[in-house]
Every structure is written in structure tokens, then in C-alpha cells.
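Multiple structures are listed underneath, in C-alpha cells.
Below are two complexes that have chain A in common, paired first with chain B and then with chain C.
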Partner chain A sequence: MDEFELARYVTIGQYLPLDSRVHRMDPRFKLVAFTALVVAVTFTPSYIGNAVLLVLISYLVVLARIPFGYALSGLKPALPVLLLLMALQMIFYTEGFAGPAAGIACVPLFKVWLIEPTTCSLKLALVSAARFIELLMLTSLLTLTTTTTELAHGVERLFAPLQRRINFPAHELALILTIALRFVPTFAEELERIMKAQVSRGARIGGYGRFRVIQNTKALLPVLVPLFMNAFRRAEDLILAMEARCYVGGRGRTHYTELHSTQADYLGLALALGIAILVLAMPWPW
Partner chain B sequence: MEQTSVLSVRKIVITGILAAIAILLGVTRLGFIPVPNISGNATIMHVPAILGGVMEGPIVGALIGTIFGLFSFLQATSPIFKNPLVSIFPRIWIGVVAYYAYVGSRRAFGEIPALAIAGVLGTLTNTVLVLSMAVITKLIPIEVIPSIIPQAIAELIIAAIITVVVVGGWKRIESGSGGASV
Partner chain C sequence: MPPVIRIDNLWHIYNREGERPIEAVRGISLEIHPGEYVVIVGQNGSGKSTLAKHLNALLLPTRGDVWINDWNTRDREHKLDIRSTVGMVFQNPDNQIVATIVEEDVAFGPENLGVPHEELRRRVDWALDLVGMTEFRYRPPHRLSGGQKQRVAIAGVMAMKPQVLVLDESTALLDPLGRRQVLEIARRLNREEGLTVVAITHFMEEAVHADRVIVLHKGEIALQGTPREVFRQADRLRDLALDVPPVTDLAQRLHAINPRIPPDLLTLEELVEAVRAVVGTRAPVTPARGGANHTPQTQNGRRVVDIADLRHLYLRNTPLEVEALKGVDFDVLDGETVAIMGHTGSGKSTLIQHLNGLLRPHGGRARILDYDLTDPKADVRALRRRVGLVFQFAEDQLFERYVGDDVAFGPRQLGLSREEVRERVREAMNAVGLDFDTFKDRYVWALSGGEKRRAALAGILALRPEILVLDEPTAGLDPQGRNTILGLIRRLKAERHLSLVLVSHNMDEVARMAQRGFVLADGRTVTSGTPRQLFSQPQTLYDLNLGIPHVTEAMHALADAGIPVRRDCITIEEAVGELSRYLIPDT
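This part shows the complex of A and B:
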């Protein structure tokens, strides 16, 4: 019966309730700092840049008092794929990120039959792996130190000035996020009920093996169609309830919680932005 | 007088609900259908974005895609999808393409084929953009792409079927007759 217990796989809002500077950071500042660091990691092709970011992000994990094993829990299951990708990069991308076009000489490391990895392809593989680890830690850092409510508030307040000026739907976006997160557990339960109902009527859900794609797909339809239909029915109920209460979003709404930024928030943001700009703008030699 | 929002209550709720399903399909593994190739799984997680685009327009489709992308980035355990250029950017366009495919082909082919076309083109947007971004960021070599084609075909067929059945069922379109009776 294990395959029917879906609700326990829902791990959204994996929040670690600790008290640290990272936990206390204003969600608006945290979101901007997070985005800046993600951009920096994604676009830095150098060893030094990635080393700087790796040190900074590790420091933030320590500062947030999150155990490293926990922050990197995604690494172990990904290891086979990661190694396979690194091998493919070494074999096929002998020119690395840009190679001779950027005026970087690629020195062949060794040659076995047609496979000839160079210093450039080694760099590509290592930098890609480093990026993966950095992003893994960064996303853990965000989700483990911020509740989903804080995230929704953060998104709303961050874009609130745009709502005033160009009617950007900041409040509505936050509401959409809240509805989405609110309904995931509900739908997980519903899905469980539908699966049990269909199986009790003799349905077989999945488990046909890799080579019987058509059977596997057909088996999903009796589950997916009722799931979507029920979801739409719930949506209609919610729409009716909101409209009956004359819901009006956007400008002029006041909030139960107010966000207050402190000096530490500005400092943290300045640090993240400063390092992101430094890493991206500097022409690192390696 | 308050300025009215670009998003009606209906759009807000449908976006939230379909995004919830996209997230759910991702976390429960139900969204993955086993196929025999290198990645091992075909996905149907993008289908809510197609449905949202077809039913409520391009903005809803884009928003569902963005939320789906954000979660696939935050929860990814694969090095390919732990990259915002691969996991977020391509997903924004799924619902947008699905909407225009549906609206553009509805008149010429009728309701049911238009839904199937929206499903196919929405899925193609996802597959083509994700793979191109992965190749551009040099995460996977272009030589690996052929091995993904069977999976892509499976995804196209699944998405087309689900789009037709769900939207058709919801709008109570009589199938087989060709004409729509919404």
C-alpha cells in the first residue's frame, strides 16, 4: 500500500526552525540577495569566481546553523548523473566554455582512442559540478531558512512599489503562490483517494516497466482526469466564495504582518550584491 | 475609484490551483512516466501550464509555467535542472505557446484538434527550449539529443491526450462530432 501514501512525499516548506541571522533576515532582502547570488553562480565561468562563491555560500550555511549534510542532502542521489554529465562534458566539449575563440589555449590532457579531454573541458566539467553544488546549497539555504508565508509576503512587498506605479499585480502574485502552496497537500490527499478508488475497481497504476510506455500512460489517465476535474470544481467553489465576499486585490489593502528591515538586512544585501558584482565583473585569469 | 487588477479572481484561482497540481506531480513522481532512455522518465508536469494557457489565456499560462519552473529549480536534484536558465526560463513559454496554438487553430480545425495541437506545441516548447538551454549552457552535449527523441514523442502524445480529455471534458465538448458545443 506504500505507493498510495502520497502526502508524505510532499516536502514543500521544509523549514528548519532555528534562530540565526539568515533566518531573521527580512524576506525581501533575502530574495534579492538570493537572486543576485544565483545569477552570479549561473554566469561565472572561472575557477576563482566559483571558489569565492563556494566559500561565501558555505559561510552562509554555517551562519544559518544548518548542518552541511542537510544542506547537501540532494548531492548523493544526484552523484551518478553528475559524474555521467562530467564525463560527457570531458569527451564532447574539448573547447570548454569558449576555447580558442576567447584566446584560451586548450592543452590536451591525454588521448585514449578518440577521446581527448583538454584543460578546457576539464574546467567546464569542474565548474559545472561546482555550480551544481553551490546552487544546491543556495536553494537549501533559502527553503530551509524561510517559511512559505514569508516568501509570499516577501514577493508581495518586493513588487509593491511596481503595483503602485504600473499596476503590476504584486498582491495577486502573492495570493497565487499562497493558493498553490495551500492546495498541494489537499490535492495529494485527493490523488491518494482517487488512486485507491480506481485500484479497488481493478485499475493497475503504473508498474508496467520501462518498455511499455503506452500501458504506463493509459494507466495514468483514470487518475489524472478525475484529479483535474476535481481541481477545477474546487477552483469554481473558491472563485464563487471569493466573489461572494467581494474580494478586491491589489492597491489599498492593508496587511496583518508588516515587514521591518534592520541595518543587518542592508548589510547582508550589500555583501551579497557586492560579491555577486565582483565575481561577475572581474576578468579572472583562471 | 480603485484601479482594477490585470488578474481577475478567476484567473488568480485557476493559476494557483493548476500550479498546485504542477508542484504535486513533481513531488509525487506521478508526473514521471518511465521510458527506456538516458533520462529514464517522460514528464507530464508541464501539462497544467498548457491547460492554464488554453483555458484562461497567455498570462495565466505563463504564470503557471513560471511557478512550475521555480519549483523545479528549487527542488531539482539533477545537475541539468539546477540551473535557472534550463529550469525556469523555458517553462514561462509553455502556456503562452499553447494558448496561441489553440486560438490560432480552433477556427481551422475545430475544437478537439485545436486542443491536441495546443498540447503538442506546448510540450514541444518545453522540450526544445529546455534542451537548447542545456546545450547552450554546455550541460549536455548535442550528441546526446537523439536519445531523448523517443521520450519527447511519448511526452507529445501524453500531453495531447490529457489536454483533449481534460479541457474537452470540462467544457463538455461532444467528442467525435467534430463541432464544438461549449
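This part shows the complex of A and C:
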């Protein structure tokens, strides 16, 4: 029984400190490669395209030395919804990217009463499921192999040219990201502590059963009110601490960490971009 | 040399809408010179934190002026000069770290100042080395202890190359080891780097080594001088709700017995010297008294908590699994007060969360009252009604608008009638010294820190627990707040039949409150026994950096110096009694 162990469910920012090529990749390159693959996953309608991506991503997970089950640990809670979604798509689908509009004929598979799944609806269901799994693995891959600091630096440096040209707040964005991520473990610990404290004085959090929404929401107040009040207090403290350390915005700041890219980074990026373009541009037959 | 900080008739008045103005600082004038170590003490609300925030222009004077070198803090042009000259470390270690890894956080200040890259690297290396945190430079801050976080915060300030370091109650939330390390660093920087230090605290023993002590009271300077001059005036300090350092306290009680012991001793060495000068080699004047009057009261022997070889893992079956408890033995007899001692990370929080079934054992035996926690069917909700667990900083759990409602939360969850709830709330509030009729309709936010903590304690007492578990009940409170809480717990204990589990790393508290203690380290029970047993063989505790009560330390020092006193005195009354055998003047 680990009902209060929140860290178990918070996988964002759960960096796995291993040493691998994926870990060592320059965060700027990693972010661009990640984005390219996400785009490819999102817009590929074909079986083959998805199969290629699935193989590639699985290969990257192995390369990063992440245990396969751990990369997929987000799948288990989502599985019922995913299966329901697949079923609905099978039943109610008429046409779309996999149907006649895309120039593909739909062949009925079987018919029960009014329900008549076709090869098209089957494809939609399977492709959606594959996309979901691919996206899940991709995000796990990024967060498990990249420290939040590297992510923030990556974002800041990638957008730095935009800051100069159109005053895009790249530095501020990176700082917000850093502070947010910095406080995720703090808030998770605090939430856990407050939940335990309230349960210790008789609170029933989530103890009213699934359908008594009002009671369950009310039962959250003893947790949320202190959590927010403490968060505001922390924010005020942090502002003071930052001011005391001479923070006056991004102008004139120097950077402690400098990012250096290697040949391997260019190669990795080229690989990701190449496959993404290949998958998107090829007119796969099915 | 001209003063580095010059304060001229400073007034600070907080004007909040709809409230009457608060005069936090009332006409303070003060000069602090380069290389000085100044300690500012005062109870909560004395204006010491407000004063501190004026030292680097985080607040601006309502009236009067503050000058840092030759810059007036009102002069916005010199804001960054001022803030990089006077560096500040705050109270809460969690709320002042910006970056997600240590070295980047240390770099934050100089980055803001635009220090070039090469120099930045050098400064970060230097600052981390100063505070001894080099080996942790790649750690994320949430994986550091409180003391380590504060050392990172000091490094972050030092990397700006300041002239003055202000510690605004920076040790208040730390365990003894963390506190000692932070103080050692501050003293070393003062001595070796010539850094001016202004430390604000309500631990009097931290003021002993200062060049100057300033006592604030209601926004004014009440006393000022060398530690010796200030602490000599014990009565005046008590009027201001402050203590004197433990050694001084002992010296003053001995002075009352024999005026040849000076009343203004500050360190153990001075005390040993003074006592030896008086005692010489003469035999005790009165015969030894046994410790019989201090043997623990008899218990009826029923074990209400019985834990053996307890194991617990966090994040079990994930790659991040940690073994928090590796074999803890612990028991509580009916009606007993038991202390749990250990550092952050020793497993004490994990252990006490088993006591009301918040956590379940992953190995070993755990019986609490009639509940066997290894049985998955054990009714933990029922258990939680009988074991009241008061968390550290319990005031953080208050959430209702009115005090009475908040205390009523627990009883209401039990499904009691309105009258019964009201009766329990009345009883609990009165028990913690918050008079029901006066306080029930007060706003929670309007209470003082100590009152909030008592309100939170009342919330647990309203459940009428049989076992009360208190995690660091006095952490972060000023001397008055600490004494109120301890007095309260002792009275509760006397009035009701309660078994008490007290988590503490304040050994004076343990000596005064507990009948038995358990020392935890690295997820195991290292040793246990009566406080007298534990403190008379202090090596284990020293090895774990836990320390022993100040008076016991003094008795060990005297005995080591050849004065044949008993080493096992654990309260100041005992120590005075024992020493008076040698000190009563011949008539």
C-alpha cells in the first residue's frame, strides 16, 4: 500500500542518471530532433511509417539504457482509456485519412447489427494506439535522459536569436521553466506531507467512492488550501532571494554553462530529421 | 576605518490596507564596521528581520537613512552595488535556491552581475570550496539536506564577492549538525576572509562568539555590547522573553551558591577554569546524593507500540528504489514518553509514519495498540483515531478561516453530534492554552507562529488520541514559543493518560521530557536507553554528530578536568545540585 507515495506517479523530470549517447547529446539538438520526431509521429497515417518510427524509438530507448518497462510505465494507467478509444473508433468511424478521401478503399471486415468495422477503421484504431505509445516513449526518452537544467538551457539558447530580433522572451521562458521544474519535487513532497497530515486528523481523501464528486472535491480543500498558501509564501520568499542576488532580468546576464555541440550531435540530429522527412514524404502504400 | 553599514534613525512602518500601521523598526541608529561579527537577537516580532532587509535595500526606510559604504539605500542607481556588497542568506533553505543543480545556483548572482565566463567558473569553484560543497556541485537541490542547502546559499552569496554576509535566521530550520556547519563557515569567513558578518538568530549560544550582540525589542535596541556585557544581564533578558546561553545559565546559578563563580561565563573552558579555581582539591562539602529521585516512574508494562526489525522502501520496484528503514527496533510502554533522535535521513520520519499506519511495513514486525500493520486488512482509519500524529511545522496544515473550525475538522470527520464536536473543540483548545471563547472565532492567519502551532496541536488532541506522536514540536520557534510548547506537552501528559513519542534533535528537550530514547542512524536503531544512560556514554552520539545536553557536556568537561563530579547529570537542576556539593562556601 503506497497510496501516499506521490513520487511514484510523478514521472516528469525524473531524470535517470545513466551514461549514454542519448544522455550526452547537446540539449539544443536533442530538442530539435525530439520535435521532428513528434511531428513525424503526429502526421504519419500509414502502418509502415509508424512501424519505422516505433523501431527507431525503441532503438533509442535501448541506446539510452532505459529499462523498457520503465519507459512505458505511463501506459498502464492509460490502458483502459486507450482500449475504449480504439473500440469507439472501430465502431463509429466512417472515413478520414485512412479512408476513401485518401484514395484508399475500405473493405468491411464483419458486421454485427449496425456495427460494421472496416479495414479503414481498424487502421485508424491501430495507428492511434501506435501514435500514443510512440509519443509516450518519446517524452519519457526526453525527460529520462535530459536534466531539467539542460532542457532549460536548450530552450533558452534555441530561442535566443528570436529574443534579439523580435524580443521573444527566451530568457524569461527558460527561467520560468527552470524554477517550475526546480519546485516540482518540493511541491510533490509538500503535497504528500499535507495529505498525510490531514489524513492523520481524520480526513478522507478520495474515500467517498468514485461517484460522489462533490464530497470528494470538498475533501480536497484541506489539501489544496495549505498547498496554495505555502506556494504563495515560497514565491514571495524566492522573489526576495532573487532580488537579493541582484536579479534584474535577462539583460546583461552572463552564462555559467556553455553548450558545446559535437559531430555526434549533428549526426544524431541528421538521423532524426532524415527519418522524420522520409516517413512524412513517402507515399506508403498502406 | 569608516563603517561599512551606517544606519541613522531608521523607522520602518508597515502600512497594510484595512489594518492599523505596524511600527516594526522604531528609530534604530547603528554602525557596523568592516570585519565585525555582529549578532542580532530578539523574540519574534522584535523587528530583526525587517532591520535585516534594510541592509541590502530589499526594504527602504519609512524615515531615516541606511548607508552601505557611501551609497544610500534610497538611491536606485546603486541598488546592485549595495546588493552585491551586502549578501543575504534567508531562513528557509528551500525557498532561495533558483537553479536545478548546485553549481548553477551558485553562479546565479554573478551571472546577474554580468561576470565574464572564465571568472564565473573560478568564482563558483572558489565559493563551493569555501563552504565545502564541491563534491555536491552536480546535485539537484532537493537531494540535499537543509544544512547543505544553506551552505549552497552562502556559496551563492560569496560568489558575488560581498563585504558583508547577513544571515537572517539562516539556522532556525536546521538540525544541530547543519546549524553547527553553517556557523563554523560564517566564523571562518569572518576570521580568514575578513568578511563582516551580521547574524540574526534566536539561539543564544550562537551569540557567544560574536564581537557584539544587539538585542532588539519592539523595534528598538534594548541592549548592546560584547556577549559578556549583554548576557550578564540575565534578568533583563528574561524580561525580554529571551534566554542566556546554557553555560552562562549554569554559571549564574552557581554564582548564586558561591559568588566566586563569575556570572558572565560564556564558554565551557571558562566554566571549567572558574570551578577548578574555587574547588581546588578540596573534598565535597556535602555527601553525594544518589540519582534515586530521578529514576523513571514505573509503567504498567503493557507495550502500546511494538516494532522489531522494521523495513521500509520508498519507490519500491522502480529504478529509484531507496531503503529508508533497514531494521528498526522501537517500542513504547503504556503511559511512557519516548524520544526518537537522529539526523535528517536517519529514518525517523519514516518510522513515525508507521505509528498511525500512513506507511505499511515491508518487513519485520509492527504492532500498534491492537493493530498488526503487517496484516493488510488492519483497519488503519480506526488506528489513526487512537494515534495522533502531529507533523513538523504542523501549522502548515491549517486550512479553515476560523481557528475553531479548523480544530473541529477532525471530530467532524468522526461523525459526532454538534454538541460533542463543540465540547471536544473546547477541551482541545483550552488544553493548548488557546481559550475557546476568545480564540474560536479568530482568523487563523491572524495568529502568531506559536499560536498557530498550538492550534494545529489542538486539532489532533480533539481526536482524543491514546498515543501522541510529535515530530519536532518546537522547530523554528523562538525561546518563549519553545518553552510554551514544552510546558504544554508536559501538562497534557500529567493530566491525561497519554503515551508520548517525541522526535527531537534538541538533547536538552530529550533530557527534560523523555523516559527513554532511541537513536536512529541510516535506517537502523543504533542504541536506546534512558536519557541518563545515553548521555553518560556520549561517544555514539558524538560519532553521529548528535551531541548531548549542554549541562551534561559541562559535567563531562569538569570531570575530565579532574573535578570528581558525577557525569550523568542531565538537567540543570541536577548539575547545580551536584556542583553545590563542592561549591557551598565553608561557614
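One rule holds for everything that comes next: the second predicted complex is superposed on the first by the 241 of 286 C-alpha atoms of A that agree within 3 Å, B and C clash if a C-alpha of one lies under 4 Å from a C-alpha of the other, contacts with A are read in each partner's own complex, and residues count from 1 in each chain.
By our rule, contacts are C-beta pairs under 8 Å (C-beta built on N, C-alpha and C of every residue); 3 or more make two chains touch, one makes a residue touch a chain.
Remember, predicted model here, so these are calculated numbers, not experimental data.
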Partner chain(s) touched by A:R201 [first = chain B, second = chain C, both, neither]: second
Partner chain in contact with A:S20 - chain B first, chain C second, else both or neither: neither
When both partners are placed on the shared chain, which of chain B and chain C touches more of chain A: B
Contacts of A:T149 with chain B and chain C, given as first, second, both or neither: second
Partner chain in contact with A:A129 - chain B first, chain C second, else both or neither: first
First (chain B), second (chain C), both or neither touched by A:Y247: both
First (chain B), second (chain C), both or neither touched by A:L82: first
Partner chain(s) touched by A:R193 [first = chain B, second = chain C, both, neither]: second
Touched partner set for A:T257, first chain B, second chain C, both or neither: second
Touched partner set for A:R234, first chain B, second chain C, both or neither: both
Overlap of chain C and chain B interfaces on chain A (superposed complexes): 178-179, 181-182, 186, 221, 225, 234, 238, 242-243, 247-248, 252
Parts of chain C lying in touch with chain A, wherever the complex brings them together: 53, 56, 58, 80, 83-84, 87-88, 90, 92, 94-101, 103-104, 107-117, 120-121, 124, 140-142, 153, 156-157, 160, 314-316, 318-320, 353, 356, 358-360, 376, 384-385, 388-391, 394, 396-399, 409-411, 413-414, 459-460, 463
Footprint of chain B on chain A - complex, ascending: 6, 9-12, 38, 42, 74, 77-78, 81-82, 85, 88-89, 91-93, 97, 124, 128-129, 131-132, 135-136, 139, 142-143, 167, 169, 171-173, 175-184, 186-188, 191, 206, 209-211, 213, 216-217, 220-221, 223-225, 227-229, 231-232, 234-235, 238-239, 242-243, 247-252
Chain B residues within the chain A interface of the complex: 2-3, 5-7, 9-10, 12-21, 23-24, 27-30, 33-36, 40, 42, 44, 51, 63, 67, 71, 73-80, 82-85, 138-144, 154, 157-158, 161-162, 165-166, 169-170
For the chain A and chain C complex, residues of the former touching the latter: 1-2, 4-5, 7-8, 14, 16, 67, 70, 73, 147-149, 152, 178-179, 181-182, 185-186, 189-190, 193-194, 196-204, 221-222, 225-226, 230, 233-234, 237-238, 240-248, 252-258
